[in-house]
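For clarity, chains are labelled A, B and C in written order, and residue numbers in each chain start from 1.
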Amino acid sequence: MRAFLKHRLAVGGALITLVVFGAVALGPLLSPYSPTEMDFSALLAPPSFAHPFGTDSFGRDVLTRVLEGARISLCVSLAGASAALALGTACGLFAAYRGGLADSVMMRASDLLFSFPSFVLALFLMVVLGFGVTNIALAITLVYFPIFARLSRNLGAVVLTEPWVQAARLFGQSTACILVREILPNIAAPLMVQATIGVAFGIVIEAGLSFLGLGVQPPTPSLGTIMADGREYFGPAPWVITLTGVAISFALLGLNLLGDGLRDLSDPKLRSRP
Amino acid sequence: MVDHMSEARSQEPLVSLEQIQLTFERANSLLDRRRMRVLDNVTLAIQRGEILGLVGESGSGKTTLGKTIVQLYRPRGRILYGGSDLAAMSERALLPIRRRLQMVFQDPLSSFNPHFSVGASVALPLKLHGLVTRENARKRVFELLEQVGLNADHADRFPHELSGGQLQRVAIARVLGLKPDLIVADEAVSKLDVSVRAQILNLIRRANRASHVGFVFITHDLAVARFLCDRIAVMYCGRIVEIGGTESIFSDPHHPYTARLINARKSLDTVELASEGRDPSTAPAACSFAPRCSRRQARCTQEQPVLTGNAFHHAVACFDPVQPSGAPRLNDVSCKTVA
Amino acid sequence: MTEPLLDVEDLRVTFGANGSVSEVVGGVSFSVYPGEVLGLIGESGSGKTVTGLALLRLLPEQARADARRLRYRGRDLSGMRGRDFDALRGRELAMIFQDPVGAFNPVKTIRWHLAGTVAGAREDDLARMLDEVGIRDPRRVLGCYPQQLSGGMLQRALIAMVFALRPALIIADEPTTNLDNIVEGQILALIRTRQRELATSLIFVTHDLTIAHAICDRVAVMYAGEIVEIGATADVIERPRHPYTIGLLNTARSLERRDELLFEIVGEPGTRARGQACRFSPRCPRATPACVASHPDLVPIFGGVAVRCPLHG
């Protein structure tokens, strides 16, 4: 923990992420506006004290919409990334332990999924599954599953060769016990790093899908739909799409710095303990 | 030591390996798969309570044989223990037996999960086999640690906080707690400092004398083997080439390889062994040591010699064993191996 | 008396991390003469390896080394600029490591490595270098990559490379610890032969008294970062004076004799007393109040032997 606090990037990333989470959680509650409330007297108003992000073509407060949209984005990508982490790790560890045919089949299936560019795959899944928030989460899960499966399988395969795992077999520990007690804690760090990256990408995928109209449907705000709106009247009101984009970048920056920091910290050479 | 041995000999062996074969496949590429015969027709009987040394160079198969005895590798052949053939049993059936055949590894640090305290690692196997309850687990762990010369405070330490010697003691405690019949010690003292080595060797000897737990002691250090072991088996290229009582082997080695091993340490002006490293993938219908042997004859390149003699006194696999002058040649003896 | 090739006085090495500093080598002094083999004997925590690394400026970043005097052939080493020292290190000072793998580039052949040490060498010369170190089939080995060779063969190749440089001083850090008995004997014989042929000075770091006895002209026994006994091998090993040296020898001898139980030195290697006391005193069977009262100096006894122990002057 002490080491974490000393790493400036990680702390910076964590702080930004916390700010984002806090704003997203509390913002819509504190905001005097509702995300769908329209004010026809202030259409496309530029950023001001009353409307820090300005208003859109329906007179809705953009900041409130952004925060609400961000909340949905974060929930969806957290759900998707967590599911991918859980399923991918379970499958990867199983493949590593069994080896042989099970391993080959699982890895080839992962490779197949992995060979599609992630956004294209997500697009395809949305078309097949239909629109909606849960399906976006599912798409994110499927896109990210192979990464976790492969990572946990490779890391797990290395840990399996360690003498303490062989000792566990000699003591008669069950497969499940070995996977959970002996292997999982020792591969957790790189997986967590990958998870933060997964959430960041999930946000991008969700925003992208919604931008194309394949994700969250209006009037529910989504970072993507806000940007789609803002694109249409970029000339008279550039702040909508710009500020929304900045907000997304800010959140991603926080997550990436946090991930970088965690990755650096999981490097045993940097641990100060002898 | 002689009495100990004669007593042991008259009993049924604890573990009996018969015609053990183990082949590893290494795939250099999809098409080039090399099969290495790592254990080649090994037959060995281990008596209850004895300390058997397995010596040889790296690649001889001694570690693999050790791991095969505890069923970390499943070979072809038969391994008789307690009336059953371990090699034929399923993993599930093996579970209750696992406790009796244990192992101590070469690197003490990597034989413990770094995420748990050593006390927790000692307690887990005890709990798994129902040897302790939740209440008395901690107390039993303290007892075991004291038995190996550590004290109760060490229980809550993590592996990286202890030295190699201390960790190896914990590893021995962990294994002794299960009250096994046999412990395979795989180069268990090789990575330790000289003074610590003495402490651990004494610990092993005391454990053996006190509870008659047997050891298969794998090492490449002959001085240590000579000190600790009742019997020695010399391995070369996956086969046992010589086996017998320690003193007999050391004072009167029969196999040319054994003789070389023993003389290697005595003086540093050694004769160069012809080539280093041989390819175990070739399945020899010949003595594997022949290419490096100065006593090589025609027969040695055509036939594989088998262990001949009494494995408790002295047995050797060689067509022209080294003899002290005047003694009769071993290959005149007609009895096959009584392993 | 000839001039020493290497003269070290009061070498200290500290490792500092995040505010806590520990002294790994504390005031080590010795000389190495041309053509002689000096053994540094010790266990974990003795500082023997760090001493060797410090001499060649191979310590990691968080280590600090300094010495009151550090002279090589009369030249001051501590003040030398990095560039000058690098030139010296490649040509006159060399090291043989415990694990040869780290000394080789895994994507380059052995031929490339050997050719790098001797300018203008032809294939025949390179093959002969390998042949001299006992590698059979040198032409095949020249084309191999490091990971295709066993530990013993790599160590031989490394020795070929190091001796090809014809250095004046080689530091060998436990070069045979990872090897089997047979191969170990051969490598040691090889090192000794080459050392004698070329009259190279050698600092041989080891924990094994038997090896030191066979190879070294003089030995320095180290404990907790200090030299506790130093002198001609025959003197130190046959008539040891420091209780630690005596303990090491007793352990080796009881192993040879095959006693029922081996002689044990009580405690863990590297344990040291704090403050002003003899660092070995917590483990010493002969410790007296005088041993704890003040830190003993390394005192010459006779004929080149010096001991750090209040029981001996």
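Note that contacts are C-beta pairs under 8 Å (C-beta built on N, C-alpha and C of every residue); 3 or more make two chains touch, one makes a residue touch a chain.
Small disclaimer: the values here were computed from a predicted structure and weren't measured.
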| item | value |
| --- | --- |
| Most widely separated chain from subunit B, with each centre as the mean of CA atoms | A |
| Between B-C and A-B, the pair joined by more C-beta contacts | B-C |
| Cα-centroid distance, subunit A relative to subunit B, in whole angstrom | 52 |
| Separation of subunit B from subunit C, taking each centre as the mean of its C-alpha atoms, in whole Å | 32 |
| Subunit C partner contacts - residues on subunit B that touch it in the complex | 57-59, 163-166, 193-196, 198-199, 201-202, 205-206, 220-224, 226-227, 260-261, 264-265, 268-270, 272-277 |
| Residues of subunit A defined as touching subunit B within the complex | 162-164, 166-173, 181-182, 185-186, 273-274 |
| Residues of subunit B that touch subunit A when the two form their complex | 67, 70, 72, 95-96, 98-99, 101-103, 105-107, 110-116, 121, 124-125, 128-129, 160, 178 |
| Contact set on subunit C toward subunit B in their complex | 43-44, 134-137, 150-153, 180-186, 188-189, 192, 207-210, 214-215, 247-248, 251-252, 254-256, 258, 260-265, 268-270 |
